[in-house]
Every structure is written in structure tokens, then in C-alpha cells.
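After this come two complexes, each holding chain A, first together with chain B and then together with chain C.
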Partner chain A sequence: MIKIKRSFQYVVLTVVSFVSVFPLLWMVISATNTSLDVTRGAMLPGKALIENFQKLIGAQNVSQAMMNSFKYAILLTFASLCICSLAGYGFEIFHDKGKDVVMGVILLAMMVPFAATMIPLFQMFSKAGLLNTTAGFMLPTISTPFLIMLFRQSARSFPHDIIEAARIDGLNEFQIFYKMFFPTMRSTYAAAMTITFMNAWNNYLWPKVIMTDQKSITMPMLVANLTEGYVTDYGVLMLGVLLCTIPTIIIFFVLQKSFAEGITGAVK
Partner chain B sequence: MSRANKTTSQKLTLSKKQNISGWFFLMPATFLIAIMSFIPMFRALLLSFKTGVGNNLKWAGIFNYQRLGQDTVFIQALKNNFIYLLIQVPIMLLLALVLASMLNNKHLRFKGLFRTAIFLPCATSLVSYAIIFRSLFAVDGLVNLILIRLGFLEVGYNFLAHPNSARMVIILALIWRWTGYNMVFYLAGLQNIEYSVYEAAMIDGASPFKTFFKITVPLLKPTILLTAIMSTNGTLQLFDESVNLTNGGPANATITMSHYIYNLSFKYVPNFGYAAAMSYLILILVAVLAFVQMKVGDKRD
Partner chain C sequence: MKRKSIALLLAAVLSLSLMGCGAKQEAAQPAAEETTEAATDEASAEEAPAAEASADSNTLTVWCWDPAFNIYAMEQAAEVYKEKNPDFVLNVVETPWADIQTKLTTAATSSDLSSLPDIMLLQDNAFQKNVISYPDAFTDISGSGIAFDQFGGAKLAYSTVDGKNYGVPFDNGAVISCVRTDVLEKAGYTVDDFTDITWSKYIEIGKDVLAKTGTPMLSMQAGETDLIMMMLQSAGGSLFDAEGNPTIVNNAVLAEVMGVYQELIKSGVLIEVNDWDQYIGTLTNSTVAGTINGCWILASIQTAADQSGKWAITNMPKLETVDGATNYSNNGGSSWVVTSNCKNVDLATDFLGSTFAGSVEFYEKILPSSGALATYLPAADSAVYGEPQAFFNDQTIYALITEFAGKVPSNNTGVYYYEARDAVATALTNVVNGADITSELQAAEDTVKFQMGQ
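For the complex of A and B:
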């Protein structure tokens, strides 16, 4: 009986794993095949990778979009981690009535759908000359309630004795944060970094609104542009999708373990 | 006595100092949220009572809100968001829970491999997976090819050209993309449950089914609530999939509210006032649903 139960589990998990991985595998295989071979159901790597690549860079400015995406995502992640971890730490370590109220108000911002702020933000940013700029991309999502909450949650497990000891040793509050909290919370930072980088890289609606110049577009925008012709070249399209996915997959594999640990700390 | 007084007064100034430096820690993040969320939200409310083209706006009272009720595309978009919400979210969360409780089994082998594979879809961008699914379900796509080879179909079925099948593809795609994400939250939550509880249940002869509903679900309730609210929020704001998988088609049959708001503001002749009114409706829906979920979540305690 237990044997049957256990093999049933393995069957379910294998099937689900296969379904999860298959579309990505198909993407990689299709990127190396001609469009005709893709529609014929090619299931093995083909020889058209270089041909697809030449067609892709002939049609779109891939290197520009790649550079833009990296620039926007890295700067946003850095700014976001600094500002939100400071706030999360502050809300937990120095908490009093006033700050708890502020935290409650910030959490309300989580409920605000982006569609509701998008139009006024667009108006504000076009007046301020922030269209097609990195700052324009970053500003709306540097400070997010989710990250502040994640860091506040992890600061909860940070022992107060350490803070007291550091204060007696004469460290100021910022030094305590930077020298004590920051190094011990690596896994939370890794989780925050994974989430923020992926969200920044994958963001589509906001750049589509403010990046009106072709020179400023991101990788997801470029990939979406590829589908706009009348005839779809599947090989080229999948190569574009692959290039757009590689950076996030790398981040995922490098930070996967600490991501899970960071989330575990936060769900407690 | 005086000494004691002195130390308390010192403590007071010290805590005051800390209190002030505390505010410095919060300031940048709080200001940014105020300027980037709350001020635009307020301005959107004002906008929603105005009408006109582009930046040429006049006060119109509740005209925009009245107009919503007669806009068939908007009603379709609202329906679509709810179809996605009511079908996709429960299936996905249940699947994520089942998978998480299977992976929580101590004796399971290849655990890391399974977990990585199931979580992998989360690493793809929304635009990317929408395009992958669109290609897989195209008339000349792989799904049709397999159905033809297996003899179920004579010629390719255009999944994305029929409202119901197009919605089904969106739902399948959403489940594919987000199940692993929610599973990670459940796995994290399960680590806080003593494994001995499960072993005791096993010794007592409880079926896996019973263990799942009597132990796993109740103990994970806070996490389930969290994921339910996150998914509801996300589903009501769907945009990338609607744009890149079906482009809202056929004939706006699969369009979502955010997609329609985008079209109204940036694709058609811009009507910011009307779009803002629509966005306020999403805001109210998100708030009400989150409130209801929290109430329901509390009740079962």
C-alpha cells in the first residue's frame, strides 16, 4: 500500500516537473531551428541558431535593449535594496506608535493597483522630463511595501542584545545597521535581490508607457515587438524569448537557495 | 534615588535620540511611497471626475462612472478578470498546496530536483511565457500538431481565435507560471510545522487525504491567506498575458481591465478621465476582496 502511494507521488511529481520544464526546453530547441522546422514539430536542436541570430539582430537592436534592461534592473535593484532595508530595519528596531501607524499606511499602498497610479505618474513624469530615462523607469518601484515588510520581518529575528552591545561599544545607529544587520541578513538580501531584479527585468506595462523612444526600450518590449509582423518566424521569436529569459534564469539558479531561506524567514 | 532619576532621564534622552534616528531610516522609503503611490492615487481620483481628450479636461461629475455601466468592452473585461480569478486561482493554490505537501515528505528522493523544476517557470518573464504559450497553441503550433498526429483533429484548431478556448489557454498559462511560486511559500510555511505531527498522524492511520485537510490546510492558513490575497491582487491587474498571448482578442473577448485602461490611455485617443474612473473600480475591487478574504480567514480560527 505504502509502495503504491509512494510511486503515485513520484509519478505526479515527475509529470508536473515535465510540464513545468517542457515549454522552456521547447523554447531553447526552437531557437536553434528554422521556423519551418519548428512548425513541423522539431524536438531536437537544429543548426539554424546563427541564422536566427543574424535575422534577429538585423530586425531589432538587441544589444541596445539588453544594455537598457541590465542598466534599469541593476540600478533599480541596488536602490530598492538600500532604501527598503533601511526602512524595514527602522520600522522594527525603533518601532513605536507613530511608526506603526506609518507602516500601516504603507501597507495600504500594497492594495493600490498600478493601473490606478499609472496615468497620473505618466503625466507627472512627462512634465518633469523623465520619459525615456533610467530615473523614470526606477522611481515608481524603488520603495515597495512588500520589500519593506520582508526586511521588517527579518529584523524581527535580529537579536536586540547585539544592538545594545554595539551601542555600548560606541557605534552609531547607522553603523549598527551597516556593520551588524547587513552582514547577518544575507539570505534576506538575496531573496529581496532575486524578487526585485526579476520584477524590474520583467516589468512590461510601465516601460511600455514611458519608454516612447525606440532607443530606450527593454528586452520584454523588444520581444513583444517581434510578434507584431504578419508572419511569425518562430525560430527568431524563440531566440528573442530565450535571450530575454537567460538573465533571470541565471539569477534564479545562483540565488535559488538563499531565496527559499529568505522567504522562509519572512513567512515565519 | 537621585541616581535612579538621573539614569531614567538619560535613558529618556537616549530613547528620544534613537526615536529620531529611527525616523531617518524610514524617511526615504516613506517619501517615495507617498509621492509615487498616494499622490498619484489622489490625482487619479480627481481625474476620474473629469472628461476630455488628452490634457484638455473639464469637470464632469460622475459621468465617467455612469458611462462604465454602458461600456460593453469594460463589462467584458470585468467578466474576464473574474473568470480568470474564479477558475485559475483556486486550481493553482490547491495544486501548489498538494505539491508542497508531497515535497515536504522527508523520505522523498530527488526532492531538490522536483522543487527546482516546478519553480523554474517563475524565472521566465511574463512577456516571454505569454509568447511561448501563444506559439505552442498557434494554429500551426505544437499542441495542434500533436492533436493532429494523435488523430483527435483533422486540421489545426485556432485556440486563440475562439473566446472560450482563448481564455482556457490564458488560464493554463497562468497556472503554469505561478503554481511553483505559491508552492515556495507553502514549503516555507510547512517548515514551521513539526514533522512529528505528520508521523503521529501516520501512526494513527490517518489517510493522506485526511492528513492534508486536517493538518496541512489548517496549520498553513496564514500562508494560504497571504497567497490568496496576492493572487487575487495579481489576477485583477493582469496585463502582460492579455496583451501578448491573445492581444485581448478575438474581438476583445479575452481583454483584461488593465489592458483596456492601457488602450484607453495610450493606444486610442487618450481619455485619461474615463480610464482613471475604471482604474478606481479596480482599486475598490482589490480592497473589498482583500477585506473579505481577511474576514473569512479570521472566522475559521
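For the complex of A and C:
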């Protein structure tokens, strides 16, 4: 009976996982086929990978886009982790009458869709001369309500006794943050890093608005370029999408590991 | 201790901001190097044209989107123009159409037009909407000496607002009916049976072809109004009247069009697919025996090299009961526009005027590789346009299409064109599922009026 139940579970799980993995599989298969074969529904790996790659680098500046995407995403992730973790920690650990009100206001900002703030932001950035710059890319999302909330929540589980013990032992507030809080919160940092990196990497609308220069192009913009035109080369398009996906997949798997490490290394 | 921590914090802030600056310079430097490549001109090395409109007196920045088509055409135009003006530098920024629209909207609504290029390509259907909504963003080029009368009237109408010319027409969107001659042969028909016919004749033959070969004639993306709009324009119909009021209800042309579409679906002559990629698939897979679309569809058809010699083109079927019905229509196409951020309007208009609006030689040059068909009427007489094409049974398709383009009735797009199209698309989906045409069109008109704030 248990065996039947087990095997039934396996069948269901296999089907569900196949359904979830299929789009990725199809992306990889299509990247190796010619456009014509893709439109004809090819389901087996083809031989056109190198040809597609040559066409892709011939038509688009892939290395520039990759470099830009990495640069923007890494810088933004680093900066926003520094700022938001400090903010979240500060909100939880220090006491002030107005802090919950301020937090409420910050959380309210989460409700405002980006499209609503885009035009004033563009005006500001254009006047400040920040179009086509890394700073222009980073500033609007350098501090996000979500990350501040995430760090505040995790700081809640951070024992106040440790902070007091550290103060008695002579650490100043910044050292407490850096030496006590930071190491114990690795898992939160890993999660925040994954989210921020992916958001930064996949960010499309804002860079599209402020990056008017061909040289500031990012990977999602490059993929968008591939879909334009009267004829879409689906093989090349899928290869572009594949290249755009690989970094986020790697980041996800690498950080998933440190995620687990962070949990085992938590305060006892 | 406290001081130390403050120092640390300050140092962190400083290094962060330095990183920002450093990255900025890095971004600027490769930019200078890369643009030289793009401009393929040695002289541009020191000039390093920026993305926005060029301050330099001999450089123009252009936004357009298709490397195989309009970008290629622009670059060739620059080559042609350089013969007359050797110092000319063209800087093309590849920008998908949707992004041109986003950037234009953002720049125009924030009244900061400084990020716009000198010239950009606008889709014809969105032309009126943009010029009417953001008049400050464009330059009136009526008095620039460009020979606008050399273009087809319907095409020119898209880029004319209040009698002023804002654009130089570019690619052709004349509608063609493409058929697979090999499939038709099995059913005992030729392409001539599809020439100068009406929709009921088309459906009649289509049913016969379906019965004999099992192959439907047409495929269309479900919920997409392309075919509806083509039929509507073929009889000179629009979704708006001359004052810009929606005319979806009491529109005899539209009512007939909806009926024809319903009949096409019911008879199985037209099959609906879910998305554009599948639509292309039905053509390359030989799922259908033909298609009706703007002539730019030829480029996708020709990707299936093994179907060479099996295709032929002709004009589209016409409506029956309405006055002014023709076998000609338009779908898609685009025009070049000079922005108000252009510091050098004379250079821009001279460039466009002596290439896109003045050189048959230029159109001959771009045709073979890009298939970019002109709406510039003198090009139709050129020898290159009259060459037979092996893929299409040695038909002289280019001359034919240019001829079609000259016969297209003009239509009225207006500011709310896309909103009206969307509303009609919803109505269409419901009609296909069996809803009543009159009440659906009423609902569509109400939706559009609501969006227009009427």
C-alpha cells in the first residue's frame, strides 16, 4: 500500500518537475537549432549552436552587455546590502519614538508602482546629468523597503544580550554591527544578495529609460533588441536568453549553498 | 573609539561614491572606442558621438530597431550621403520600437527632450498619436524642400498632421495575399484564382482547398486585429471619424468585416494560433496554404528555403457590400521623424531628402539584402524592382508590391488608435466565440469612449 502511494508520489513529482524544467530545457535545445527548426518545433538538440553564437556576436555587442550587466548588478548588490542592512539593524536595535511611524512610511513606498515615479525620477536624473551612468542605474533601487524590512525582521531574532555583552566588553556600535551581527546573519545576507542581484540583473524598464547610449546596454536590453524586426531569428534569440539566464542561475546555486551554511552557523 | 567608527563609516561612504565615479568613467571610455566602430569612419575617433542629439555640425544620431532592415537601410543611406558630404557621421543606436515609445513618452512628459536623438523611426500607426500628444518633440519639415509628393498618398497621410509634414515615409506595409502554389495545384487552382476576388469567393475557394487537401488557407494570432484592420482600410474605413470621434458602432464596413472574419473561422478556412511565433510556424511548417499580411511578411516566409518556388503573391480579397472597397490595404510600415532636439535640422532634412526621399539608386542598393521596399514611387520603375524572384515562381514581386502600395486607401489613425484596436480585439474574440456583433461593437465603442474621457 505504502509502495503504491510512494510510486504515485514519484509519478506526480516527475510530471510536475518536468513541467517546471521544460521551458529551460526547450530554451537550451532551441539555442542549438536554426530559427527554421525552432519554428518547426524541433525537440532535439541541433548543430547550429556555433552558427547561432557567431550570428549573435555579429549582430550584438554581447561582451559589452555582459560586462555592463555584471558591473551594474554587482555594484548595486554590494551597495544596497550595506545600506539596507545598516538601516534594518538600526530600526530594530535602537529605540526612538518615531521609528515605527518612519518604518510605516517606508513600507508605504512599497505600494507605489515604479511606473508612477519614473517620469519625475527621469527629470531629476536628467538634470543631474546622470543619464547613461552607473550611478543613474543604481540610485533609484539602492535602498528598497523590502530589504530594510527583511533585515529588520532578521535583526529581531538577534539576541539583545549579545549586544549588551559586547558593549560591556568595549565594542562600539559599528563594531557590534560588523563583528557580531554581520557574521550571524549570513543567511539573511545570502537571501538578500540573491534577490537584489536578480532584480538588478533583470531590471529592464529603468535602464531602458536612462540608458540612451548603445554602450550602456545590459543583457535584458540586448535580448529585447533580438526580438525586434520583421524577422526574428529564434535560435539566436534563445541563445541570447540562455546567456542572460546563466549568471542568475549560477548566483542562485552558489548562494543557495551559503544560505544553508548561514543557518548552521547561527547563534546557539 | 567612536571617532574611529565614524572615520570607518565615512571611508566606506567615500569608497562607495568613488566606485560610482570610477565606473562612470569606465562606462564613458569604451563608449568612445565603440562608437567609432559603429560609425565605421576614421574621422569619428575624436568626435565620439553621444547617444542623444549630436551637437557636432556633421553628425546625426538615429534611433531605429532592426539590424537586418531599417538599421541597415540607415547605414547604407549614410554611405550614399557621404559621397556628397564626406565628413558626415551617422551614429545609429539600436532601440526596439517599444523602447522608442517609452523613451519618447518619458522625455516628452517630463518636458526634458535633451535625451532624444536627431532622427528616429516611428511606427506609422503610432505617428499621429505621438505628434498630436507631444507636438513639442517634433520638427515640422514641410518647408525643407523634401519632395513629399513622390510618396504614395495613403503612406504620406500617416506622417501628416494638420497639413504639415512631420515625417519622411520609409518602409512599405502594402498588404499582399501569399499563396502556396503547390498546395493550390493539388486542389486545381492557381494564383490567378485569388487575384482581384472578393472575400466570399476567397472563402468558397478556401473551403474547396480545405476539403481536397486538408490544408486551411490562413492562420492568424487569436485576439489580434491585424486582419480586421487590413480589411477595414481596404475599403477606406477607420475606427474614428475625421474629428477623432470613435465610429465603431454604425460602421457598415466594420460590421461586414466582423462578419467575414466570423465566417472565415466557422468555415475552417482561417485557423487561430496563440502567438506570433506559432503564426510564423504555420507558414514555415506548411500548416496553411497562404497568408494575408503586410509585405514585410515575405522576409519570414523566405526563411524556409526549401519552399522556394512554391509561393506566389497577389492582392488581397475585397469586401462586397460597402462602397469604395478595394483589393489593397496596408499593415505596418514606418516613417523617419526629425525631433525638436535636433540642433542641425538642415543637415537632417538634407540627409533624408537626398536619400530616403530622393535616390532611386539608394533604394536599389538596399533592396536585395534587406528586402526593404520603398514607398518612394519613382523606385517602382527601377530595373532592380522589376527583377523576377525565384522564390516566388519568378514573379516580379517588388514591382507588384510597389504598385499595390500606390492604390491603398488612406485611413484615420488618431490619438486613440491602439485603444480602439484593443477594444475591437476584445469584441472580435467574443464574436468568434459566438457573441452578437452589434452588441459587442457597442461595448467596444463604450470602452474607447471611456478611455477618451467622453
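Quick note on the criterion: the second predicted complex is superposed on the first by the 243 of 268 C-alpha atoms of A that agree within 3 Å, B and C clash if a C-alpha of one lies under 4 Å from a C-alpha of the other, contacts with A are read in each partner's own complex, and residues count from 1 in each chain.
As a convention for this text, contacts are C-beta pairs under 8 Å (C-beta built on N, C-alpha and C of every residue); 3 or more make two chains touch, one makes a residue touch a chain.
As the structure is a computational prediction, the values presented were derived from the model and not from experiment.
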**Message:** Clash or fit: chain B against chain C, after overlaying the two structures on chain A?
**Reply:** clash
**Item:** First, second, both or neither for A:L76, with chain B first and chain C second
**Value:** neither
**Prompt:** Should A:N132 be classified as contacting the first partner (chain B), the second (chain C), both, or neither?
**Reply:** second
**Prompt:** Now for A:T39: first (chain B), second (chain C), both, or neither, which partner does it touch?
**Reply:** both
**Of chain C and chain B, partner touching more chain A residues** = B
**Message:** Under the stated touch criterion, which partner chain does A:A31 make contact with: chain B (first), chain C (second), both, or neither?
**Reply:** neither
**Prompt:** Can A:A48 be said to touch chain B (first), chain C (second), both, or neither?
**Reply:** neither
**Request:** Would you check which partner chain A:L56 touches, where first means chain B only, second means chain C only, and both and neither mean what they say?
**Result:** neither
**Request:** Classify the contacts of A:V209 with the two partner chains as first (chain B alone), second (chain C alone), both, or neither.
**Result:** both
**Asked** What is the contact status of A:Q175 with respect to chain B (first) and chain C (second): first, second, both, or neither?
**Response** second
**Request:** Mind working out whether A:T227 is in touch with chain B, chain C, both or neither, as first, second, both or neither?
**Result:** both
**Message:** Pick the chain C stretch that clashes with chain B in the superposition, from 145-153, 199-207 or 271-279.
**Reply:** 271-279
**Prompt:** Where on chain A do the contacts with chain B and the contacts with chain C coincide?
**Reply:** 39-41, 118-120, 122-123, 172-174, 205, 208-209, 221, 224, 227, 232, 234
**Request:** Mind listing the chain A positions that touch chain C in their complex?
**Result:** 35-36, 39-41, 59, 61, 64, 68, 71, 75, 79, 82, 118-120, 122-123, 126-127, 131-135, 138, 170, 172-175, 205, 208-209, 212-216, 221, 224-225, 227-232, 234
**Message:** Using the touch definition from the top, list the residues of chain C that touch chain A in their complex.
**Reply:** 1-2, 4-5, 8-9, 12, 16, 19-21, 23-24, 26-27, 30-31, 34-35, 38, 50-52, 65-69, 92-94, 96-99, 102-103, 106-107, 109-112, 114-115, 117, 277, 280-281, 284-285, 296-297, 299-300, 303-305
**chain A partner contacts - residues on chain B that touch it in the complex** = 18-19, 21-26, 28-30, 32-33, 36-41, 43-44, 47, 55, 99, 102-103, 105, 107-108, 113-114, 116-129, 131-136, 138, 140-142, 145-146, 149, 176, 180, 184-185, 187-189, 191-192, 208, 223, 226, 233, 236-237, 239-240, 243-244, 257-258, 261-262, 265-266, 272, 275-276, 278-280, 282-283, 286-287, 290
**Prompt:** Which part of chain A faces chain B closely enough to touch in the complex?
**Reply:** 5-6, 9, 12-14, 16-21, 23-24, 26-27, 30, 38-41, 83-84, 86-87, 89-91, 93-96, 99, 102, 106, 109-124, 139-143, 145, 148, 172-174, 177, 198, 201-202, 204-205, 208-209, 219-221, 223-224, 226-227, 232, 234, 237-238, 241, 244-245, 248-249, 251-252, 256, 259-260, 263-264, 266-268
